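Each of the next two complexes has chain A plus one more chain, namely chain B in the first and chain C in the second.
Then we have the complex of A and B:
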C-alpha cells in the first residue's frame, strides 16, 4: 500500500470529512441506528452501496483523466441532490488540502474542468498523482465510506469507542472485497462503470437536509 | 423460455400508429382500441421463471407517443432448476416523442433469482416516464435475489444509472431499511421540481442532467403508491 492511502484515509487529513456523517445522523435521529448491532448493519449496507460507488470512481480516476465525463457519470449515479452536494463539498475541501500536499498539473486540470469535483474523483486523482494505484484509491474510498459514519456514531449516540472500532474492523474483509471489485471494473469506459444505488441513504440524505433547515444538526450530511 | 416482443410507434398525419407490434409468449402486447399509442402488456404464461430470458423493445419515431401499461403484477418464481431469470426492456425515443413504460408491480418470491434491466436512449427533445414497483416477497415471505438496473441517456449525457441489489443487506437502514416495497417514478423531459421534496420515506428529486426521480420505501404496495401520489406523481 502506498503512503498516500494512509494520509487520505487518516481522520486527521484536513479534507473536511469530519462534518459529514454519511446519513448516520438522520438514521440515529429516527432511531434506525441506536446501538452497535444496528450500527453494524448500517455500515455494512453503506459500504456495499455508497462505499462501492465511491471505490469504483476513485479507482477509475487514478488513470482516467476525462474529468467532465467522470463527473457526469457519477452525477447520474447519485440521484439525491443532497448526496451530490455533500460529495462536492468534501471534494472541494480535499482539493484544497491536496493542492498543498501534491501540487500537480493533473490536479489543476481536474479543478479547471470541474471546480467542485466529487470526493471520490479527487481521491482517485490525488492517489494517482502521488504514485499510488487504483487499489490504493479504492481501498481508501471504501474505508472512508464507513470510518466517518462510525466516528459520527460515537459522538451522536455516545456508543463505546472500542466497540465501534471493533465493528469497523469486523468489516475488514468486506472493505477489501469492495475495493477488489472496484479495481476489476476501474478500466471500463466511464459510461460502463456500475452504479450501485442505495434508496435508504438517498431518502435519509434528503430528509436530513430538510431537518437541517428546521433544527440544529451537528453534521452537514 | 426465451421471448422477444417489440413495438415500433410512428407519427402519421398527426396520429401515433403502431408500425410494428410483435408479441411472443409470455410477452403479449394488446393494442387498445380507440386510444392510439396505448398498448397493454399481458403476461400470457406464468413468467418470469428461473432460466427465462425476456426482452421487450419499445421504439418511438419522431413525435410519436407510446404508452405501455401493465395489467397485472408479475410474480417472479424460481424455475425447475436454479437459474437466473432476466427481463430486459429497451427504449429508443426519437425527437419530440414520448414513451411511457408503466408496468404493474414485480413480486420477487422466495428462491427466485431475477435481473430486471431497463435501458433508455433518448434524443434531447424526447420524453420518458418509467415506473417501477418492486415487492420483495409475498406477504410474510422472504424474497429471493434481485438485481435491478436502470440506465437512461439523453443525447450524449447520462441521466440516471442505478443498480440495486437485493440480498442479505435489505434490512440495513442504508439500503431498504427492512421495507418490502420500493417504488420509483422517473421522468425525463417534463418540468422538473426546482428543489427536492422529501417525506420521511419518500422523496422527489431533480437529477443533475435534468429529469426527476420519485422514490418511496414502504411496507406494502398501497402505502408506496400513496407516497408516490403525495409527490404528485400518480398521474
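Then we have the complex of A and C:
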C-alpha cells in the first residue's frame, strides 16, 4: 500500500470530511440507526452501494484522465442531487488540500475541466499523482465510505467508540472485496463502469436536505 | 541540531508563559481581512457580531460566516437585527465539531469566505463566528488574520484563570455582560487581573452590549487591526 492511501484515509486529513455523515444523521434522526447493531447494518449497506461506486470511480480515475467524461458518468450514477452536492463539496475540499500536498499539472487539468469535481475522482487523481495504484485509491474510497459515518455515529448517538471501531474493522474483508472488484473494472471506458446504487440512501440524502435545512443540522450530508 | 537553524524570535517552552503569536499572518493582496470570534456557548458571540455589523454599517464592505449548529439561527438573528443583508451571511455545518471547523480542518469556512468574496467584490472584512465551544478552541491562522475570544461574567469569574489557548493566545479577549456582574456574584476585578496575568501584554476589553449596543471599544480595536486602505 502506498502512503498516499494512508494520508487520504486519515481522519486528520483536512479535506472537509468531518462535516459529512454519509446519510447517518438522517438515519439517526429517523431512528433507523440507534445502536451498534443497526449501525453495523447501515455501514455494511453503505459500503456495498455508495462505497463501491466511489471505489470504482476512484480506481478508474488513477489512470483515466477523461475528467469531464468521468464526471458525467458519476453524475449519472448518483441520482440524488443532495449526494452529488455532498460529493462535489468534499471533492472541492480535497482538491484544496491536495494542491498543497501534491501539486501537479494533472490536478490542474482536473480542476480546469471540473472546478467542483466529485470526491471519488479527486481521490483517484491524487492517488495516481502521488504514485499510488488503483488498488490504493479503491481501498481509500471504500474505507472512507464507512469511516465517516462511523465517526458521525459516535458524535451523534454517543455510541461506544471501541464498539464502533470494531464494527468498522469487522468490515475489513468486505472493504477489501469492494476494492478488488473496483480494481477489476478500473480499465473499462467510463461509460461501461458499473453503477451500484442505494435508493434508500438517495432518499435519506434528499430528506436530510429538505427536513433539516431549516432546523438543527450538524452535518452537511 | 542544524547549525544554520536561526531563530528570529526568542523561544520559550514554559507552558505558563504568555506572549503574542509570532506568526504574523500576511493578508494576501486583494482578499478580505478575516476576524474570528470564538468562545463558549452563550457568551455573546452572535450579539458581538451583530454589534460590529451595526458599528461598521456604511463604513466597511462586510460579510459574516456563522458556524452555529442551528444553521439558520444566527443568520435569522442577524437578519432580525437588520444589521446585514441576508446575502452577506453564509452558514457552515460543522459535523458536531465547531473547533475542528475553525482549527483542524478549515475547509468549510474557507469555502464560505470565498463564496462571499465572489458574491461581493471588494469585500473588506469577513467576521467568522465560531460555534460555541470550549476554552481550548482557537482559530487556525490559516483561516483568520486576527481572533477575538469572548467570555462572559455569567459563565463564572474564574474562566480567565482557567486559561486555555482561547484565553491566553487570542488577539483580543472580550469579557461580556459586565452589567450582570452584581447579579451573578462575579468579581470583575478578579476577572480583569486574572486575564491580565494569563495574557501578558495581549489586550482585554470588558463591555456590556446592554449599555453600549454598538461595542465601540471592540469596534475601535478591529479598526486598528485592519490593513491600511489605499483605495
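Here, the second predicted complex is superposed on the first by the 221 of 221 C-alpha atoms of A that agree within 3 Å, B and C clash if a C-alpha of one lies under 4 Å from a C-alpha of the other, contacts with A are read in each partner's own complex, and residues count from 1 in each chain.
Here is the rule we go by: contacts are C-beta pairs under 8 Å (C-beta built on N, C-alpha and C of every residue); 3 or more make two chains touch, one makes a residue touch a chain.
Being a predicted model, the structure only gives us computed values, none of them experimental.
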Three-chain arrangement built on chain A, chain B and chain C clash or fit: fit
From chain A, separation angle of chain B and chain C (C-alpha centres, steps of 10 degrees): 130
First (chain B), second (chain C), both or neither touched by A:67: neither
Between chain B and chain C, more extensive residue contact with chain A: B
Contacts of A:102 with chain B and chain C, given as first, second, both or neither: neither
Partner chain(s) touched by A:57 [first = chain B, second = chain C, both, neither]: neither
First (chain B), second (chain C), both or neither touched by A:203: first
First, second, both or neither for A:155, with chain B first and chain C second: second
Partner chain(s) touched by A:143 [first = chain B, second = chain C, both, neither]: neither
Which superposed partner A:75 touches (first chain B, second chain C, both, neither): first
Smallest separation in angstrom, by C-alpha atoms, between chain B and chain C in the superposition: 20
Chain A residues contacted in one complex by chain B, in the other by chain C: none
Partner chain B, residues of chain A touching it in the complex: 23, 27, 30, 32-33, 38, 41-46, 48-50, 72-73, 75-82, 84, 191, 194-204, 206-207, 209-210
Residues of chain C touching chain A in the complex: 69-72, 92-97, 100-101, 104-108, 110-111
Interface residues, chain A side, partner chain C - complex: 12, 14-21, 89, 92-93, 96-97, 152, 155-156, 213-220
Residues of chain B that touch chain A when the two form their complex: 151, 153, 157-165, 169, 171-177, 182, 184, 195-196, 198-203, 205-209, 213, 215, 217
